[in-house]
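What follows is a group of structures, each given as structure tokens.
Here come two complexes built around chain A, the first alongside chain B, the second alongside chain C.
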Partner chain A sequence: MTMTDSPPAANTALAAASPRVVGLFDALTTTDHKRIGRLWIRSGLLGLLAATLVGVVLTIENSNSSPDDVFGGINNYFQYFSLYRFGLVLLVVAPLFVGLATVVVPMQVGATNIAFPRAAHGAVWLFMIGAGTTVVSVVSGGGWGALDGVTGAEQDAIALTLAGTGLVIVSLLAASVCVATTVVSLRTSGMNLMRVPLFAWSMLVAAGVWLLTLPVALSNLVLVYFDLRGGPRTPESFGIAEGSNAIYSQIGWLVEQPQIYAFAIPVLGVLGTIAPVVAKRRHAQHVIAVALIGLFGLLSVGGWSQPWFQGDNYDEKFVFIVFGLFAAIPVLGSIGAAADTIVGRGSDGDPDPGADVGGERGLAGLLSVYGLGAIGAALLLLAGTVAGLARVIQPWDLGDRTTVTSVMNLVLFSAAAAAIAGIWFWAPKIGGRELPVSTGRLAMLDVVAGAVLLGGADFVNGFLETPAFGYQVAGSSAPLVAEPSNQGFVEAMNVVGAIGAVLIALGALAVFAAMAKAMRSSGAVDDNPYGGQTLEWTTSSPPPPGNFSEPPGRVVSEAPLLDTVNENGEEA
Partner chain B sequence: MVTTTGLPAPETTRPRSLLVGTMFSCAAAFMFFCGVIGVYILKRAEARDEGAEWFPEGVVELGPSGFIFWTLVLSVFTVQWAVQAINADDRINAYVALALTGLFGAAIFNQMWFIINDTGFASAADNAQFLFFIVNGTFIVFLIAAVVFVALTTVRALAGQFGPRRAEAVSSAAVAWNTVVFMWAVVYYLIYITK
Partner chain C sequence: MFTTGFKFFFGIGMALATGAVFYGYTTGGNHMGPLSMGWKGGIGEHLGYSLLLGLGVTAMTVALFLVFFRDADPAAQAHYMGVEQIPTNSLVTASFWPVVGAFAVGTMAIGLVLHTAVFVTGLVVCGVVAIEWLMDGWADRATGDPEANRALRNRVMAPIEIPALGAAIVALGVLATSRILLATSKLGSVVVAGVVSVLILGIAVLFARKTRINKNILAGSVLLLAVAVLVGGIVATVTGERDFHPHEVHDAPHGTDTGEGH
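Let's look at the complex of A and B:
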């Protein structure tokens, strides 16, 4: 008879026996999901800083209506305009959420590592290569098309941009497979899908939607790439020969509703995870929140809404309008469920009001960086989906107006704010230290207020008949701002938008400042400093290799730590 | 009684990560394929609406593509034979079935090469010929991926890594293989039968 004394997840002794290697070699060879996640998060934050700086220049340019001032021509403006949009989605928001999920989701479901850790590690490096290729090729004159026709060396640079974007999408797909598989197959005992923490659930939904839609974008890129590299290149083929923004217009569905909502699905997960922590009780409507996140995912599937499938006027089609009309409902419902959790009466399973569940109570919890961020991000997302709703109301005729830009900015900066809130919330698990509160509040207020100004200015300008840039560049001589009904007011709103962009950039800088400050700090961090209710808070900060020194016990609810508090209370 | 200390205990449950991951990957691959085939259908419809000829008469023949289809139908049986055999711990049958599946894959690759050469198409000629290359090229890429998956599974099976309690990798290879077969069924109907 053979007996084995050590439990499956008790990996600390084994890990301690092997030497810990740090530095570049470790970054190149690690299979620890926390280190892989940190690589994603750093890449995303670097992208955030770069994208917000490009955004500042673009909005300053917008406020004086001549494309020659900063960019030296409308074609260069177009390159950075499209880099900003695709960059925000593919190089900022998606990697930030993938990074958070790579670190947090395995711990939330009680797993010792992410599924396919080598694939997850390969994905992050593929992402860096793809992102680097994309940015360098755009700076070298590439981009997603050229307004004055694709010629000579420009053709090579554009092909490189398409290849780089393709690599980024492949890497995000690989990472999505790892995250989704972790949630589906590596959950601990007793954790059915209804007991999965809302952030992990939202990442499962997001990864599912990405896996169904990003390959369609990849197929678009492949067709355009091979058309450029030996295809017919006729005006009827895939856009290259038209000498316009046809490539951008074709794959622009990635940065427009409904697809843009797919990158903000985790916002609802962050809100649903943080609201109960702030309230110090269970989520009042957990099952409803699960359903609403799923519904939002369903309404954000956007691979079908592209010119090749729907024609140029796809935003006037019935299904597009239906998606636009209903997308705000799950967001509003999720905010309502969070509000019920924070200010409602609570439920039978809640801990005793006097029980020590850790963290700050009441207003202090709400004013924490993560509390502010989660709520601010959710409200921004609501604003974005409402702007999207306004866009599809046909009598208002906002389909080709700056309302489109407003939706994009509100939704993507809501996602960025939620990701930053998540980084602050899970910092003890990500890096083993807490991030500074005051700088964090400043960063969060900057990003949220900046997004309101940026998105709000474009929303107002949409009603003043200001055409969106992406819809007016078919001719190379088109002005940046056409002649709207009230030019003076539009320019004033553009200045407001520029102020918003500056605020967001300051927020991104504040995030970096906080990170630098935290890197210099030392000292022990509590295992559960905020009163978290899910399994990641049962392990130490930072977590050991293998995540848990003891395997998590059988989970009987969506808030296992509150079950522990209640059991202890009864025993007492 | 023998007591071993420090060794990890066997897993209490067997998470089917590889199977789940393969399913997610196949879903993504199929959506890529749908993106390509959707554009093919639309461009062909546009050409027909304008009264233009899509493929020149008699160039895209049904025979060789039919051979591929029926070979793939056979391979569905062989790959499921492998799954069945490994579940029954019948290693010899599993080896034979996996090897046959891989062999069918190589034969299909050969036949695809023949078809592409036989048509004499040039990718730069027009949309029809360009998309012919893209759709068939997409299929070839996924076919190669599936053959590699089956080959790796065969090697691991030969190394004795699978058995009735560890048949997940063979099942995963079968899922990937069947996805590729389904892709060809779509291609065969849309490109070769309805032209």
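Let's look at the complex of A and C:
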């Protein structure tokens, strides 16, 4: 750290450090967090479309009695089943939230850029390379294990899947460090942690949980990689070479409770940010919402609940049951706090003087794409955590039933719905244009209704003793297709699930249609078209390099824009 | 010296690590076990101890991260630059090394599966990226003037970069061409050699005639090449090595040269 020259005045000199970025060369060298975030979001949306299409085929396949017709064998079915699950978590939900956070969080905390922008840029490219490697290797015969034994070339393809998954996890970890450090270290003057906007806070919590747990998944991958390459040399060997779903079992905890909740923590942040905007008043229970998001994060730490540490009966351990029982509480509390904000009269009991900062109000606000999405996503998350609660009630014995799949689908599509709501809400800051409302409503209703049908069908089937596929193949002695107590009803519910999957895929298509429509539109967008209350709405749409033409002033509350509006609803 | 973020995370980390030791001793840990992470004695209840210590170590790692990389601390940045006001724009200039680094890590991962040479190539590129990234980071903070910083960086690195890049391009070209020549027939290798020669001549003429090349075209070409290398690696992994059919040596009387197998 050497000073070789006397620095000129910071503002004028540093303005040249962030030139306007255009063209491919600049896209490859950018350090602008908005551009980096857009790459994450596009990757996540592409993943959403692909994953939902795979989901449609899987659920249609489930609707008939033999689960391997379309795929040409149980092993191929297993590969796409695994791709759908891990894909939804690692290639859809996580990148969507990381992308939103990369664009929005620095502006929300009043920073000029994300922390470690070069690392953030490297992370998104590493993600794309890892995602591409994973998908190509699975399609080419790899995947997370092979039920019928691993042969020569297949072993390489499986190893490539493991390597690709590892790259994706490393990229998410790097991005998490950037996001978390931005919230911790780059907050503007006066913004203590209690004044951080709820979305930024939820991303800090989520990034912390990911940093704590994803390295465990990485370690699992390294262990099974060595086992795959080295063969069964130790008593702890997974027996991968002989043919089993051992690799899936080792990292299956990523798509099960409590870890699955970690990918939905930002759902509460999106709800907590959008609810006050819809209500046109401050969040009625901001401090409580902060605490509830933190509690939900704590209850979603899941690296420990896996066979490697706990044995096969890890879901019967006391801590696992406690986590499952209590996870619904912070979600219910967050929804209650949002409802209090929307229905109630503000934190001090009076109408907020900042009510006139623009945007739709009342029912119109609730029916906006972001309003529908935030509330729908939160209710889906509540349903997911309640299903998770049912799973840990031991007398019901739902631990190896389709209830597990129900929890996963409800939670992950709740996260996807929240991310889509966020994309619509922050579209003026992400891409400098608003997204079409009618197509957005259609997409949101499709995704939420589809998730209800998909998750609901599996939830009901769980009570009909339908085994979850991942558990069916876990032990060689278990039958691949168990006889449920009511086969006809189960198949009918599977058809309902398939309809849900089709609706979700249509929703994903509608998102792409809306984006294509928005790309063709032109025209100025207001700086704050929806009446946002946080710092990102003080800058232009799209924001300039460096985000703010002038540094944000001292922040004295969690809703700085309301602080600048006087009792007559005018800018102070 | 110590930022707020460092104090926050380090405090949490220390509290959790202390809690882990306390928890270890109160749940059956003995001797120096909870203090030495099980090296000298038992640590007590594994799950709680691991969770607490894991959280603590993570928090302390984040704390060290924050104090080492002070560019995430606007107050420290302003202090370092000797200015009163916290900079409104990012100091971090554009750089293609993150993208190169991502491809290098990707190459390493694929090389781990495919071939040691690929892995080592990725590792070497990672090393180059690390040095370049460090130099960029140093130059960004050298003065308050981005142009002066850029000139300073180029003055240090250009004498190393340009010869090294030239050597790498020549080596890569020779290696790639030799592989192609070995994989094709006799006539095919003559054609390939001719095409490659014309390409080299053409590119050289293009460079000689145009003093400035569009950066986007250059970036697109490099990106395509990088993607092609990765895709080639994945395809090679998935398809496996081609079958070799060595010439069979028929049994022949000792001392008799049949002429077969050569």
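Operating definition for what follows: the second predicted complex is superposed on the first by the 517 of 572 C-alpha atoms of A that agree within 3 Å, B and C clash if a C-alpha of one lies under 4 Å from a C-alpha of the other, contacts with A are read in each partner's own complex, and residues count from 1 in each chain.
FYI, a residue touches a chain if its C-beta (ideal position, glycine included) is under 8 Å from a C-beta of that chain, and two chains touch if they have at least 3 such contacts.
Nothing here was measured: the structure is a model prediction, and the numbers come from that model.
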Touching partner for A:A246 - first (chain B), second (chain C), both, neither: neither
Touching partner for A:L96 - first (chain B), second (chain C), both, neither: neither
Partner chain in contact with A:T181 - chain B first, chain C second, else both or neither: both
Chain touching more of chain A, residue-wise (chain B, chain C): C
First (chain B), second (chain C), both or neither touched by A:A159: second
Partner chain(s) touched by A:V136 [first = chain B, second = chain C, both, neither]: second
Chain B versus chain C as contact partner of A:V460, first or second or both or neither: neither
Chain B versus chain C as contact partner of A:V301, first or second or both or neither: second
Which of chain B and chain C A:F226 touches, first, second, both or neither: first
Partner chain(s) touched by A:F25 [first = chain B, second = chain C, both, neither]: second
Common ground on chain A, meaning residues reached by chain C in one complex and by chain B in the other: 1-8, 10-11, 13-14, 115-116, 177, 180-181, 184-186, 211-212, 309
Chain C residues touching chain A - in the complex, by the definition given at the top: 3-5, 8-9, 46-47, 50-51, 54-55, 58, 62, 65-66, 69, 71-74, 78, 80-83, 85-99, 101-103, 105-106, 109-110, 112-114, 133, 136, 140-148, 152, 215-216, 218-220, 223, 230-231, 234, 237-240
Chain B contact footprint on chain A (complex, rising order): 1-8, 10-11, 13-14, 115-116, 173, 176-178, 180-181, 184-186, 189, 207, 211-220, 222-223, 226-227, 230-234, 236-237, 303, 308-309
Chain A - residues contacting chain C, complex: 1-11, 13-19, 21, 23-26, 28-31, 111-113, 115-119, 121-123, 125-126, 128-130, 132-133, 136-137, 140-142, 152-153, 156-157, 159-160, 163-164, 166-167, 170-171, 177, 180-182, 184-186, 208, 211-212, 301, 304, 309-310, 319, 545-546, 548, 550-551
Of all residues in chain B, those that touch chain A in their complex: 1-13, 15-17, 20-21, 24-25, 27-29, 31-36, 38-39, 42, 46, 123-127, 129-130, 133-134, 138
